[in-house]
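Chains: A, B and C, in written order; residue numbering restarts at 1 for each.
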Amino acid sequence: MADFAQLSRLLPVRPATTEDRTTGDPPDSAISGSMSGWRNAVLLLPLGMFFAIILAGVLLPLPDAGTQSLPDRLLAPVFSGGSWAHPLGTDGLGRDLLARITQGALMSLQVSVVAASIAAVAGIFCGVVAGMFGGWVDNLLTLLAEVTLTVPSVVVGVVLTATLGQSRQNLIAILVLGGWISYARVLRLETRQLRGSDFVLAAAVTGGSRWHIGVRHLLPNLAPTVLVLFAQQLGGMMLWEASLTYLGLGARPDLVTLGGIVRDGQAQIFGGWWIGVTSGFMVALAIVGFAFAGDWIRNRLDRGTGTSLA
Amino acid sequence: MHSISRRTFASVLAAAGASNLGLPRQLFSQGANDNRLDTFTIDLTGGPDYLDPALARSLRDWSIVHSLYDSIVHLSDSGKIVPLAAQSVTVIDDLTLEVTLRDGLQFHDGTPVHADAVKRGIEWVQQSDGPATGNFSVISGVELVDDLTCRIVTGEPAAWLLSQLAVWLVLLPEGITNESLVSKPVGSGPYRFVSQQPGAELVLERNPDYTWDSPKGLPLAERVTYRFVPEAVTRIADLATNQADLIQTVPIDQREAVESAGGQVIETPVLGVTFLRIATDVAPFDDPRVCQAVNYAIDVETIAQTLVSPAAHRLASLFPDSRGIGFDPELQPFAYDPDKAKALLAEAGVAEGTEISIQIVGGERDDMFEAITGQLEDAGFSVTPVATDLATFNSQWQDTSAPPLRFVSWRPMFDPHTLLSLMFFSTGPLARFDNPDVDALILAAAADTDPDSRAATYRKLGKVMQEQPGAVYLWNLTSTFGANSAAEAWSPRADDYVIATSGTGEQE
Amino acid sequence: MIALVLKRIGLLIATVFTATTLLFALIHASGDPTDGFLAPGASSDLREATRHRLHLDQPLPEQYARFLWNGMTGQFGDSWRDRQPATDAIFARLPATLELMFCAVVMAVVLGVALGVTTAWLRNTWVKGGLRVVTLLGQAVPSFWLGTLLILLFAVKLDWLPSSGNQGWQAMILPGITLALYPASVIARLLESGLRDASTRAFVTVARAKGLSRPVILLRHVLPNAMMPVLGYVGLQVSFLVGGSVIVESVFAYPGLGRFVLQAATERDLPVIQAFVVTVAVLVVLGNLVIDLLALVFDPRMRDQQEGAAVFG
């Protein structure tokens, strides 16, 4: 479940020097840096679709997402014999599904963005500090990471929810717990590599303090990695939120999230298959969309900076 | 009155409609009821938490416990407590019950069942820290009269005791330990323990000595396997693939799927109730008009019928149906009248948009809960739902900072005394309700050993608790099972235990 | 080598210590643990007696000391809820979980490597892109949804596999796939990315110059390089799979540790939780050790040196 916690070790370590890289053959891959901008833009299609659907949900004259109507429960979507009054059908309480999915998607996005941001800040801080200073700080970080990795997040999540109650904040907290490690580990690695690079030595020679070096010189170089990771995590957290909601560790019952709708859909698979299929499709679209967006970012930056660290 | 509706249908050519996923229909095998089945598999919603009869507290626990053990009495289909392992149970006086066991009963290990087993059973409950320990403390002693007879003596009159005995007093052999109860349970019930895979399944085999004319019925298979399957969809898949013969709890929207897979849906109302407990010690619920208003504001009947079960109906009180004492057929449930609700709220000075919160257990995103919340909002409240885990929920019964409304299911309701004394008696450990009239009626009924006057007292209580409600009365609990042809001989019990016996005899 | 093992053990002890301390704190901060298993309405006498039996009425530091001692000596005591030894409960369910995890890891690696290598191998842009999308879909479906769909397709509709339980090896397939799909997707993407990078490195040009064919280069030279991050990822799967198995076990009614521990956590059953954390920590360390050994097999530096030596004398 807490998979991006392990994403850290998965990102391949870029070659530390340029000697190892040939400037001859372009990398044997399809959608990568040497492509034209047009081909690259294709990567943004899924995310575009995701946001287009949300936009449709906002703009179309649909009933309010919270309006219940028991006589109208479990109506089929328009492509399966339903009417345009409810383009994606209704759920078990007669609420319009498209309206609910829109609301849920926005809520899930909000939660993911907040969680990913906090995870990024926390993880970057820990990683840079550990990479810069080494020693016991580094060991402490390793210990924290191992603890987070060893205890399955479910256990922590359940106990946390028992202590603090079910709320959006707790959901975000659990997501952050799983997400910070990726940044920490990657940043630590890259910080250590950069520590020996020329411009850092130059800065040290000219008398910059270690903090100064960290903030002014290292961070901008690490930005591309962070951005890619952030994009990937946004999608991953939406998935994880669905699982947490299934286990009862999600946000308050009245806050509809995309994962919550998938959960409802799974329970209603016989009477209302469209609930799970459409919301599941949206989740998949978001995840693929964000992952490809991350690829797009990396490609753009690869192109821009040539063969250096990016 | 005894209403068990059983859906039967032809298994031929169940062409799947567009609304289900075309589950294959299964051909019925020859349903031979005269012969016992070799195997019978039951899917429960989860494993038993406790196999110790003194600690058992859920339907899953009791289904297995009461397959292994017999009590002296049990709940008959008509809702009466009737003798089971006992030949007779006589009320000697206000404080004494005389129990005479049937002759010739045996435990699974071959030892005979004598009256000391009753004493052992009672003492075992009293020394445990289970849910019934408090109740059993009213028993001051058990006197052995002869091999098959004993007298249960109580410290004060306890008319409700018999129903508690039906659930928690089981006949235990000698040499019981905490460990033996879990690893090798020995009782005198219709099935013997074979094996257990924790978290997966539990296997029982027929007790060959269980041949007497038991009101519990006779074993219908040589071997019974209980499987623990938490997901409803998976249970239905099990039924469709014949991996299970009987499945517990089929949600209302999945009943069609069971049928098109060739199974039957067996639906029955259960002696249990659901309600929203109102804490009357905080505003705005300290005004009975507000308590009435929330009763009028919710269309309980429609919610029950569409989201729960066709066998679920709006309750007028805490007494579910005529099988239980205290049911008043004359008493009408609150009508769904949102205008009246608003009028009452205005009268009581409750402003539009008053914030209230409502608490449920766990993360179950039940439609019914959201429907209720929605209708409360329509009535003019601003509702915050709060979901907590069971432990936290149970710790907050009397917490005045906890939400004033909480969603409660209560079963079994063989006798209403336990629920009333715990939750609606002013000094009860779960109570946030204080009404001297109600207190007086509860006490009177508890000490009254005459069933008719006791029933009259409870009926009066029902009326009083409509004028000054301590709860929003929702619906009676129901049980919906899915069954294939192998389960033809099985029918649900009034106590809702899932025991693989057939021929539950009608008594009285 | 010895140093590595010692360091790992040291980390294990520190991790277990920290983790269990945190959980101890959280559990005691969340209120009276007896609420998790005493029936509502239990008399205060009963509550007091239970608290006394479980040493919950002692001052917190004393409880903590006892807690630590139990952890170190492996005597976790009885589950608070059902008074059966906590270790028995864990070990009864451990084999099933290990089987499922092993099955899932094997499936994930096989599927992931196959997908990753295929995607890297292909030249056609659109097919490649399509395969990338398919791979990514493995990370895009919530496991409870996927599990349900698999049951309905393979068990009900096709009747190829059992719908639930753990009777027989067939019962592991569907839950295994459900658990394996996410890691398989990550492995495939990791591998493809790694293969892409590795193919731009110096020794590949050298190998090509030597006239080695493409498949040989890919499999014997490039793949071992790219497998390193994959191995690292696989090593991390222990805790991930235990956590992810909670859902899979619920959907497939598979009797493993995941669901059991979720219940224990909900009931604030500290001895069981403690036993569980120690068990998982030990498994994690063992898993990482295995990975380290495998990494030695795949270590590209040894390969590189051989190649370099062959070319440059």
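The definition used in the following text is that a residue touches a chain if its C-beta (ideal position, glycine included) is under 8 Å from a C-beta of that chain, and two chains touch if they have at least 3 such contacts.
As the structure is a prediction and not an experimental result, all values here were calculated from the model.
*Asks:* Work out per-chain C-alpha centres and flag the one nearest the whole-protein C-alpha centre.
*Replies:* Central chain: C.
*Asks:* If you tally the C-beta contacts, which comes out ahead, A-B or B-C?
*Replies:* Higher contact count goes to B-C.
*Asks:* Among the chains, which is located farthest from subunit C on the basis of C-alpha centroids?
*Replies:* B
*Asks:* Measuring from the mean C-alpha position of subunit A to the mean C-alpha position of subunit C, what distance in angstrom results?
*Replies:* Chain centroid spacing, subunit A to subunit C, equals 21 Å.
*Asks:* If you average the CA atoms of subunit A and of subunit B, how far apart do the two points sit, in angstrom?
*Replies:* Roughly 45 Å separates the two chain centres.
*Asks:* Between subunit B and subunit C, what distance separates the C-alpha centroids? Give it in angstrom.
*Replies:* Those two chain centres are 40 Å apart.
*Asks:* Out of subunit C, which residues touch more than one other chain, so two or more?
*Replies:* 30-31, 148, 152, 266, 268
*Asks:* Give me the residues of subunit A that touch two or more other chains.
*Replies:* In subunit A, the residues touching two or more other chains are 158, 162, 247, 263, 266, 269.
*Asks:* Among the residues of subunit B, which ones contact at least 2 other chains?
*Replies:* Residues 21, 233, 389, 391-392 of subunit B touch two or more partner chains.
*Asks:* So in the complex, which bits of subunit A are touching subunit B?
*Replies:* Answer in residue numbers: 66, 68, 70, 73-74, 76, 80-81, 92-93, 158, 161-162, 165-166, 245, 247-250, 252-254, 260, 263-264, 266-273.
*Asks:* Show which residues of subunit A lie in contact with subunit C when the two form their complex.
*Replies:* Contacts found on subunit A: 1-3, 5-7, 9-15, 19-22, 24-25, 27-32, 39, 42, 142-143, 146-147, 149-156, 158-160, 162-163, 235-236, 239, 242-243, 246-247, 259, 262-263, 265-266, 269, 276, 280, 283-284, 287-288, 291-292.
*Asks:* Contact residues on subunit C for subunit A in the complex?
*Replies:* 11, 14-16, 18-19, 22-23, 26-27, 29-31, 120, 122-125, 128-129, 132-133, 136-137, 139-145, 148, 152, 182-183, 186, 190, 192-194, 196-197, 199-202, 204-205, 226, 229-230, 232-233, 236-237, 239-240, 242-244, 246-247, 258, 261-262, 265-266, 268, 273, 276-277, 280-281, 284
*Asks:* Once bound in the complex, which stretches of subunit B touch subunit C?
*Replies:* Its residues touching subunit C are 21-24, 49-50, 52, 55, 57, 129-131, 133-134, 178-179, 182, 197-201, 227-231, 233-234, 237-238, 240-241, 243, 261, 389-392, 394-395, 397, 422, 428-430.
*Asks:* If you look only at subunit B, which of its residues touch subunit A in the complex?
*Replies:* 18-21, 232-233, 236, 251, 253-254, 256-257, 302-303, 306-307, 360, 362-365, 367, 369-371, 373-374, 383-389, 391-392
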